[in-house]
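Everything below concerns the one structure shown next.
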């Protein structure tokens, strides 16, 4: 993981010109320009493929400058706890061709670290802070990974599968002992305790 | 009731009469607005309930002695104006101060409120006061021009004498009839003086959280309501004395009050709100030239 | 009583004696004592001359060969002024002129200048007037070029060229006069010119006016003055502005008024005077160099004096002479203080004097007082003299007089601004506050000059009794 | 409310309460999905103003603090600051099941589950979200309670402030609201100055 | 005997202060106490001089006529005002002026200025008037130097205006002396009554223009703001309260008693279009435009100096109507303005003494720390805005009534527009200094010492009592009006009697106190209230603390700024005067080129001169 540490050069790329291309043309263009052949058409106007973690930065740079995908619309994260991996999905969008490219990256759960792409897109730091706060993924090169949504949260990153929100809620908050009286009127005998019994999280 | 015991009794009773008139007017205004919006609307004496609730609040919050003194100055100022404005049967005090005095006493409550709001140290309040003072340059200037024209025409600045002159010839000699330009211009200004929409930018709830009243809670808001209600009566009476020939008996007085208030509230119910500078531009583009033209006409044939 | 001839002989003798002894101490003592003695002489003669003029017989040779000299009230007054001023200025020079090698020669030339000054005042013979005029000019050229710097030499050269043009014109005028009158005595010439043809007299009058006028700094011909006064050492500029140009002005006006009485030259003089005032004030307004600014101010003040004299009325003449006295005091003080400003800061630009007021408080205060009097702020002496001039002008009335009043008033506005711009710079925030006050002798002389200006008003009663006969010395020549 | 409390009311208190109940001003803390129910209750169809109930902008002027949905730990801090800025007598009305028992966010790690552990709640309006009719009937019962002088939950905040403070600290630690609640209680005579 | 003593005392003071100058560095107290004692003595002598009103004393002979001084009703009124405000200012500077070391001749020039003003006010002939006028304007120039660094720059600006005024006045004095034959006022009045129109017009203009410049009337007001605002604060109070009114005194003296009203009214087409109408229009402009410039100022002192121009406009409005009520209003406004502007500036000085700044954007919330200064400013601004029960209202009432009934509706409107402007800028002043949040850095500010509080208390008393009992002042004004040849005002203790109009300030104030009491009763009916800290404030749920700046001071009247921005920044008059300055510099540069420095041009001048002289002499016979 060679984390680029030079100051983020966020010069905007020149707007792509020329006629909008069709999906197949785009797939071939991506494979040609970025040298990664895993990209297939997933559905009309959506292209998908997998990229190695350390190859992502150069892929993104190439995609942006040479293929015309100027807009990084989102970075999302999936916690495959079974395989012990996080899956980061980078979604790129092209204004001219109005196509979405989703690059899937797998990183091991334990160090959970990934190179930042804030040097290409400054707004990327917003998504990376979000993922860091809720999954604990550390993005090298991102200077401020400070918590901003759960400002008073003391516990572990809550969206990780190994954290059970329900157990935390039960042990941290106390519920009101709720004895409804209106149910006798409706079906005469359906007393509250049945509801207490089985887990009600489905 | 201009001399002796009758005077003393009236001086003590007048605030209560004026307050209850104000409550009726306030209730009627909210009922009228509701009806325009096809709603049932609150009870006829809803302002009375509001005042009672506010005055009976237990843990009032103050920001300093000037905040308290300002409230007393507020209510005191409006009552002072009330005593100096002649009403049917009572014009004892107008021999000690003419309309110029009244015009300046009208400034005492806003100044009192401004000082109190200033001490509450809330920027919303300060912005509200800044807007109120700027609006002053809009409607007050035009209203004064209409008064100047009228006073110059009749050679006196005393409101009581102006009233008597208008009553001398019945409806034909009302200010509104003899000088329509001045009367109509003054009507626009009345809308501004009453702080009703479209000139309600001072207490714009959405932008600056009711402006000056942001930090006024409990009995402070109660006293502001009392002042507002009495002020309704006083300002309508001023317009009536200057342009509608005042009132010879109380029925005519109450009728004119409600008629004027209906006009003001109906305009208020259907209009949006001007920004401060667009309100000022409005006042300087329409009512001011109209009043100036009226005054010039008076100068030409009057003098 | 000692014969007035001493006025001419004493300084000459002192000059030669100094050269002979060639010791600085002796030279300084001599050049202090002679003018002091002459001042006392003048004061002793003053009451007599107030009654009537005292003719002086030289070596018992009668006219027309002898040189007619006479000391009248005006002469005595001017003599006292010249003598007192030169005592103070020599006192100032003792600490101002650095102990150079030919300091003795400096004092000698000053003495010769004094001789010519007294001579001009006493002479009644037109050729004799030319002789003294030449001595005056030459000694001025030498003194102006004293600092031997490039600017000084160039200024004195320009002064010499203009001076010599003036002398030639004066000679032409004397030739015309001699042809008409056959005699060089002014009295005879006056009688001759009454009967001479008008064109002839006009030519003589104009050539005479612009002959001596050069030295009197009359407007079109005074272009040498700014360079000469600003590059001369300050003591010399004080002498020049203090009494030399005023002396020349008085002499010119007296001769024009008596000898060339046939020609009414007054309106011309008024026009020249007003032009002088305006040009002087406006050019002084834009100046950055202090001494040059004061020089232009002298031009405008001369214009004011000439305007007063040329009103033609006795009130105008009296006002002009009292203004002359005030100007001698105020302008000398300003020039002398400016000298020390330059000495202390080494620069002649006003902007370099920031904060000097805190480092030289006394001199800055004296500068302020002199400026105040020059501008005419009551209760200083300058106010009364300027008020008298304007009152006299108002009395004569007429479009030209009121235009003159207007130009003097607007000139005063400009003068106040540029003088007090200097004071603002003086009292601005100083870089450092170490005291660098003037040396004692200089301080004493400047203080005395300023005292004349500040307490001049107290002199008014005594002055008004003497000013009558002095003023009519301008109109009659006996 | 202690029984003794009710009977002590003088005739003047009864009259005052009946007048006071006719004018209630609401401050909505519009969170969750309850806020959208209020416009219909205020406009011409249901017209809440008939009962003298009006929306107000600042806490100083409001009597009712309407919490219209779930409260996260972060927003609870603001609500407590606003509640303490209101002028007593003040009533908190919990709106919808989220304030009662956490509602559909019952298992969330960040929403609070029961509003009345942190603030003295005068009345809950059950429903996910209650319809305007329910709101009107709820408010009417509140008006009756005020009329009868039973709506004194605001004294509860002063009387057992430690309970509320403990719960608040448990959730988000100390905050600076510039209010010394027990001192206010003693000053205004609510705590009879004994504690 | 007292009159001469009155005039001599400041002169003695001036001389002694110069002598004491040396001690100023070591112990300023000696100098300050000496100045205070001298001024108190002067005030005492002024009051004792009351019986000597009417007789004149001749001084030294100058230019054939003797300088004469004497007291008249008008001059005694001004003498008392000068003496009063001087004592108060010197009392205030006892505490306020910490280091007279940096103001070397502060008291010296103050003495000379007082001498100039007293002489001007007591002069009984034209020459004394002019001499005293010059001494006063020079002393003012030097007094202004004593402030901060930019004070000297502004003082030079004042000097230009003052010297122009002085010279035009000198021209006027000469012209009048020449045409009327003497400096005596009586002779001049007699002459002007029947002088032919040209001479009358010329002498009136030559005399009135300098007074308008000195009184900072509209076109010639450029010098005042920077000159007064940058001098030392208590001097700003002194200058703006009495110094600008000397121009007005000259105006009153010359229009009403020297030229006489009949002569003045001969200038003009009809009763409605004469010199006084022009004065009225100028006064209206003076009242309105500077007040709305004051609105946008960020510095408290500069805001008030703009007001001193504006209020000068009011005084001129009153005087120019020349009606009984109008002149009474104008004269009383001079006194009223003096009291409440000194009050406001003293409280600003108290604030500056403690916080070190008068920048309105940096102050705030000081009411908690300096209540006395707040009270002083409150009384002051109520007076300045002209709201009952303070004295500002009474004089404004007179002026309005005379304007409305005198048939000048639009000028009355202008006066009211100015009042609205005053109220706006006055509220901004007190709001930005005393109200709003108290910044952290002013936490340890304390109230000013008793020495500085005393003048504030005294002036508050004066502003209130003369407001409630205007009769106290009106009785003197009635006497003055008799001297001015105007029907004196029918005054009562509370205001004006029935037939001349309706004003009884006693009743208005009594009713106001009663209603205020009713308000207080209502207030105490409500529940208990507790004073909370300034951070316990509605901020839409945001937590306030000391490092959250929560004040609304900057750009207070944004709507006005938005509308009048262009007009405010390049005011026509200021640019005109700047262009005039540039024109003079250009002419100076052009003329300087006459002296080229080459000798050949000089020789050419020489020959040209001779030829021209010959030509001229040929023409003139």
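Note that the chains are named A, B, C, D and E in the order they appear, and that numbering of residues resets to 1 at the start of each chain.
In this text, a contact is a pair of C-beta atoms (placed from the backbone, for glycine too) under 8 Å apart; a residue touches a chain by one contact, two chains touch by 3 or more.
Small disclaimer: the values here were computed from a predicted structure and weren't measured.
Chemist: Quickly list, by label, the chains bordering both chain A and chain D.
Modeler: none
Chemist: Show which chains lie in contact with chain D and also with chain E.
Modeler: The shared contacts of chain D and chain E, listed by label, come to B.
Chemist: Comparing B-E against B-D, which pair counts more contacting C-beta pairs?
Modeler: Pair with the higher count of C-beta contacts: B-E.
Chemist: Hey, which chain ends up farthest from chain E, C-alpha centres compared?
Modeler: A
Chemist: Using mean Cα positions as chain centres, tell me which chain lies farthest from chain B.
Modeler: Farthest from chain B by mean C-alpha position: C.
Chemist: Taking each chain's centre as the average of its Cα atoms, which chain lies closest to the overall Cα centroid?
Modeler: If one averages C-alpha positions chain by chain, the most central is E.
Chemist: Please work out the Cα centroid separation of chain C and chain E, and write it as a whole number of Å.
Modeler: It comes to 45 Å between the two C-alpha centres.
Chemist: Roughly how far is chain A from chain E, going centre to centre by Cα mean, in whole Å?
Modeler: So the centroids are 73 Å from each other.
Chemist: So, what's the distance in Å between the C-alpha centres of chain C and chain B?
Modeler: So the centre of chain B lies 80 Å away from the centre of chain C.
Chemist: Nearest whole angstrom, what separates the Cα centre of chain C from the Cα centre of chain D?
Modeler: 99
Chemist: Going by the touch rule set out above, which residues of chain C reach two or more other chains?
Modeler: Answer for chain C, listing residues that touch two or more other chains: there are none.
Chemist: Residue numbers in chain D touching 2 or more other chains?
Modeler: Where chain D meets two or more other chains at a single residue, that happens at 58-60, 85, 184, 188.
Chemist: Where in chain A do residues touch two or more of the other chains?
Modeler: none
Chemist: What is the complete set of touching chain pairs?
Modeler: A-D, B-D, B-E, C-E, D-E
Chemist: Please output the residues of chain E touching chain B within their complex, sorted ascending.
Modeler: Listed in rising order, the residues of chain E that touch chain B are 365, 367-368, 374, 378, 382, 385-388, 393, 396-397, 400-401, 404-405, 407, 409-410, 412-413, 416-417, 420-421, 423-424, 427-428, 430-431, 434-438, 494, 498, 501-504, 507-508, 511-512, 515-520, 522-523, 525-532, 534, 536-538, 540, 550-552, 556-560, 562-563.
Chemist: Per the contact definition, I'd like the list of chain E residues that touch chain C in the complex.
Modeler: Going by the criterion above, the answer is residues 62-63, 130-131, 134-135, 138, 141, 145, 149, 152-153, 155-156, 159-160, 163-164, 167-168, 170-171, 174-175, 177-178, 584-585, 587-589, 591-592, 594-595, 597, 599, 601-603, 605-606, 608-610, 613-614, 616-618, 620.
Chemist: Please give the residue numbers of chain D that touch chain A in the complex, ascending.
Modeler: 73-74, 100-102, 106-110, 112-114, 116-117, 171-173
Chemist: Show which residues of chain A lie in contact with chain D when the two form their complex.
Modeler: Within the complex, chain A touches chain D at residues 150-153, 155, 158, 163, 165-166, 168-169, 172-176, 178, 201.
Chemist: Would you tell me which residues of chain B are touching chain D in their complex?
Modeler: 30, 34, 37-43, 46, 48-50, 52-53, 56-61, 205, 209-210, 213-218, 221
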